[in-house]
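Letters A, B, C and D name the chains as they come in the text, with residue numbers starting at 1 for each one.
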Amino acid sequence: MSETTPTTAEPLRIGVLGYRFMGKAHANALARLPMFFPDAPAVERHTLVGRDEEELAAAADRFGFANTATDWATAIEAVDVFYNLGPNHVHAEPSIAALEAGVPVLCEKPLAPTLEAARQMRDAAADADVPAGCAFNYRFVPAIRHAKGLIDDDALGEIRHVRGRYLQDWLVDPEAPWAWRMDADLAGSGALGDLGAHTIDLAAFLVGDCVGEVDRVAGHTRTFVEERPVLDDDGSVEAYRDVTVDDAYTAQVAYDSGAMGSFEASRVATGHKNDHTVEIHGSAGSLRFSLERLNELEVLRDGDRGYETVLVTDESDPYVDRWWPPGHVLGWEHTFVHENYEFVRAVSTGNVPDTFPTFEDGYEVQKILRSIERSDERGEWVTL
Amino acid sequence: MSETTPTTAEPLRIGVLGYRFMGKAHANALARLPMFFPDAPAVERHTLVGRDEEELAAAADRFGFANTATDWATAIEAVDVFYNLGPNHVHAEPSIAALEAGVPVLCEKPLAPTLEAARQMRDAAADADVPAGCAFNYRFVPAIRHAKGLIDDDALGEIRHVRGRYLQDWLVDPEAPWAWRMDADLAGSGALGDLGAHTIDLAAFLVGDCVGEVDRVAGHTRTFVEERPVLDDDGSVEAYRDVTVDDAYTAQVAYDSGAMGSFEASRVATGHKNDHTVEIHGSAGSLRFSLERLNELEVLRDGDRGYETVLVTDESDPYVDRWWPPGHVLGWEHTFVHENYEFVRAVSTGNVPDTFPTFEDGYEVQKILRSIERSDERGEWVTL
Amino acid sequence: MSETTPTTAEPLRIGVLGYRFMGKAHANALARLPMFFPDAPAVERHTLVGRDEEELAAAADRFGFANTATDWATAIEAVDVFYNLGPNHVHAEPSIAALEAGVPVLCEKPLAPTLEAARQMRDAAADADVPAGCAFNYRFVPAIRHAKGLIDDDALGEIRHVRGRYLQDWLVDPEAPWAWRMDADLAGSGALGDLGAHTIDLAAFLVGDCVGEVDRVAGHTRTFVEERPVLDDDGSVEAYRDVTVDDAYTAQVAYDSGAMGSFEASRVATGHKNDHTVEIHGSAGSLRFSLERLNELEVLRDGDRGYETVLVTDESDPYVDRWWPPGHVLGWEHTFVHENYEFVRAVSTGNVPDTFPTFEDGYEVQKILRSIERSDERGEWVTL
Amino acid sequence: MSETTPTTAEPLRIGVLGYRFMGKAHANALARLPMFFPDAPAVERHTLVGRDEEELAAAADRFGFANTATDWATAIEAVDVFYNLGPNHVHAEPSIAALEAGVPVLCEKPLAPTLEAARQMRDAAADADVPAGCAFNYRFVPAIRHAKGLIDDDALGEIRHVRGRYLQDWLVDPEAPWAWRMDADLAGSGALGDLGAHTIDLAAFLVGDCVGEVDRVAGHTRTFVEERPVLDDDGSVEAYRDVTVDDAYTAQVAYDSGAMGSFEASRVATGHKNDHTVEIHGSAGSLRFSLERLNELEVLRDGDRGYETVLVTDESDPYVDRWWPPGHVLGWEHTFVHENYEFVRAVSTGNVPDTFPTFEDGYEVQKILRSIERSDERGEWVTL
């Protein structure tokens, strides 16, 4: 019986702000790199940042962080890379500080609650010499990468229709409790920023090279439940607090090329849990994708009579060779592993792939989100 | 061996203008009433109206009409009921003349190429004492009737989202020949009027009682192929003629109740033949329907975790007891049989069911179509 | 206004035994030929045969028959073609009599309740100079024809797996009333003959040329509800009567070529109304078909990564040009129209297409049904 | 910034034989326990066992094992738990040795290449005081657990039909290289043992309590490609070697209760990658599951008209609360995490849950596999 040799490279120390949903998703992603992406640089889950010391310690223990900090500024000094996974209103300041300190940043989406904050973040990223990523993880679904490959290879011809929607139903119940995601100051917007940001980035990622920029937008937002209960520690209703963001939005888009876009998201789409779909029609073919069946891509190519349901789990498919044999499906969390792999490699090599979402991309999304709101407020199509 | 007794009731003499696609669909529907809807009044396919005498005679022979006429005015005098199945620009004058003569009219959709013509038709119908129907046949799909029953029974709660789209691809090929459906004067509009009219009526039919009227609209239309070949009798290209209607539209709708609508149609949606889908989300349930699987309705009720795929072919389902046992699916044409059944009964009894689409309904649709175009032209949301 | 000229050809006089489900399906089919298949010979729904004079007269009136008869022998003398649509135990004698009289016969499936009766019918057909068809209507689904075309063109390569199942649920309820279809003497068998006959014929039709004959069979049948109520005219339970046929069967098949078959049917498959599916895997491609979505065929060809969902409603698809434009779906009943078209043409021309199911085909199916039962009885694989 | 406290419990030392597909799947599962199943006992990936020292060292490094061993006997002495993930012919001896040494064993399926070897393993497990698990991982799919809950709650009534099939296509290409899985001595059987074992266990797991034991079986196996190339290190064909196992099997099953089973697997089902489906019909409801969409369960309950597509990703669903919010789908590998969680807990507590698959279960599956082969050899139904 012999002992194996440990690897000796100095690992990248990662500092992470936020230890709830996104904190868990990225911590898991980082933990899985060595086994599945051994060519990734070594990483160390170094410091977890949060406000509640007790919860923070428990989370750090569970997520494998050696240290905790309640002050993000301190944490940034101690790490090589900074992940900003906090609520939207905490995105700008720490991210800009990190970039100014030369620390690469991966920030969750939407980039910021306001266009102005997003602009500042974009500018800080432009001034920095280190990668600044905006964590649009759906770019890293193998089926989406496969779709992008088809579009880049011109398999769809001239793109004419882009349709995206993101449906959830966790706010159908009017007694679902108030949370920061329902507050304009903390979140910026509701379904629009939380879900729509994903869709709009995904559309840009997939067809941006073909259809150009968004030229003009008509938008519509709506709040169906105007206030929600704030619960105390026992789960009793303490008070009701106003919902100041949208529950749902719809938008129409005219692209530079003349292509038409149609977008929508809702948190009150009864029966839909995490149903993010994208559909694209070109002069030579069409595509359909649904996040709840994320291993599949429906593809119609020139000469086909109907959509072919492709299980994107072959060895030759993007990222799939790292995992399991054909047909052994991946889950939602794998998108984070791919994203983290690409990001820490970008940090390590200094080379950010074109396909990686940046603060610039996050800002472009934000401009469209803002235009959707403005169209609704002003009752007019808004030119970007 | 004994002879059966013929029925003795005086049949309704039906005059039909138009002998192509819609002429065939309605002729077939009329022919099938006695066997499947014996309680319908007896009808006689009396006179077929058209311009080309040779083609007309052949069509009359095939569709079972005893007489032909090249002049619709003459025909109207000879019949009890007038079906206007001609191109859109021929809808107004003969329909108004018939109504003024006290002859009931069933007119194909969209009601007219212009809002003004539609208004005149609506007014003529209001002044007449006889039924004036606008042939939105998708109201007569059993699954749609079942859906309406669920909505009327409040199974979906407060309606929040209405989504409709109608996708075809017969104009993807830029060399697909020019036809009257591509001309603004003859057709009014393109995908908008031809397909969108169906969707907008269907939405009104299903949820109008819950969400109220359309309050405001943002619209977008687009022509992707600007001119198309005119073919001579040999199929050779004679000339190119401008396409003066849209190939596709999208629209957002705000209803009186605050519900949000999202609509779309295209004739260049590669891979989709006749894909008319409607989706509705309420506070207590959701529905999905697709015309290419018209025997099915996907239903999610309060307490369900996912959509139930209901095959709407049970004996207790609307119209189904007239046809076949459960699971023996119906086709597209059956919607016309149901529509004709209801219409000739309305003529016979003088009692038009609330659910039957009228000229008034056709006019309401036309107002929305016009507002969609206007929104696009003016770059603003348009209030109805 | 001018009158159209009636056609003058002497119509084929059709005599039909049976006026319930199948009587209605074939009467409708005959009625629709002139409008959709004008190249078919003219037919006259001449005589309807049954036992109950009152019901018979009503049915004749509704289905458009000029005459009725309670004695099939008389009817056969009066007609040019005889349709035997009665219960299985009435198939043999009148069909053989008709054939011996030189009257072509179209008989419903299964051919007979016993293999011996089927053999006599097959022999009578062989001795006759007129067409003798066994009404396996699913051969006439456009999607099935399209499938056969692909297989004949070798698009699937060497066939290895054939899977067929036919699921219904109308006997799940133990109080569903007794009927002749549950009696061994009247029906021969249950799900096996009623549903399995379709599946086994369809498999033979599709891949028979590739895989050869069935070499051996293992079978299993089962009756889950042993007796059922006999209802009186008021719907009250009069008595309970034994169910003497199977509610369900399964079978495995080894074909001459080495291909493997797997078959199944049930009348107690909760939730399935008329779910007849066929799946075929070859060395180069695969196919799937489901009757409840009969306009669709799922096709996987060499080089494809997944199944393509083909809507078999293009003008170039079998029979479809007679009906509606692409995407305007057909229903179950259309299979009968196609079948009747082919049959009356065969009668008229004396030329029965290879693809039309004959008494010989019906007999071959019966041999396999019998072997399935025998395998179950004897506990062994049965060689044919 | 503060340091987190490490946990101090003595971890279970795990020894693993096999470092390919299954080695990776289980190593990953063990690695993920602390973050997602913190209530699991601590585990240490202690020793990896294999023959090729170089490959073994690389695998140990990647999979996080501190030690390697080329001799399983040595490894068993050094660990607390032994995982046997080697080829089937290596299952019996090391597993029995471990059990005799009082070391708990988790062994991959099928339990053994021969029924005799399986019996010895079963007996060794019966004599041991430690858990002996057979790794039927599909028991640990949340949707399968949800299905079992429904069946146990009698939501389906009396079970009548059980249908299972497992389709793959990696051997369609006759030039796909020879491997141990194609050799009777090394693997026991082909699709039957590799895939069929899963299906038969899953059926027993789901409905065994309702339908009782398998009473009799008819089986069919077939090898379509008789020899395959052996490749040298350069990928050139060195020789051709006989395939001595089946490429596919079908089986019919009669259960004690009278329920009927129908099973099938293939490695040449063109277009199917890892398509394991189970369908169950009871007198009151039905279920469908497909591994390629493993987050979904189709459920039809009493009174429903169709299947409800349930996304089994709610917090209340089995194991799901450990992972992500509703709609954030899991993948294939998660089944291994659940399985490992249950197994190491069983080791730690000494309490093996009824639902955990044991050597006894593996042996029962093996009896059925053997009977399927025997039925084919002898041409008769085989009683167990």
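Criterion: contacts are C-beta pairs under 8 Å (C-beta built on N, C-alpha and C of every residue); 3 or more make two chains touch, one makes a residue touch a chain.
Note that the structure is predicted; figures quoted are calculated from it, not measured.
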item: Comparison of B-D and A-D (more C-beta pairs in contact); value: A-D
item: Identity of the chain that, by mean CA position, is farthest from chain C; value: A
item: Computed distance of Cα centres, chain D from chain C, in Å; value: 42
item: Separation of mean Cα positions, chain D and chain B [Å, integer]; value: 55
item: Rounded Å distance, chain A centre to chain D centre (Cα mean); value: 35
item: Residues within chain A bordering two or more other chains; value: 272, 304-307, 311, 314
item: Complex interface listing, chain A residues touching chain C; value: 296, 304-311, 314
item: Parts of chain C lying in touch with chain B, wherever the complex brings them together; value: 1-5, 7, 21, 24-25, 27-28, 31-32, 34-36, 38, 47, 57, 60-69, 74-75, 78, 168, 170, 272-275, 291-295, 311, 313-314, 323-334
item: Residue ranges of chain C in contact with chain D within the complex; value: 156, 158, 160-161, 163, 167, 172, 216, 218-220, 222, 224, 248, 250-252, 254, 258, 260, 262, 264, 266, 268-272, 281-286, 300, 304-307, 375, 379-381
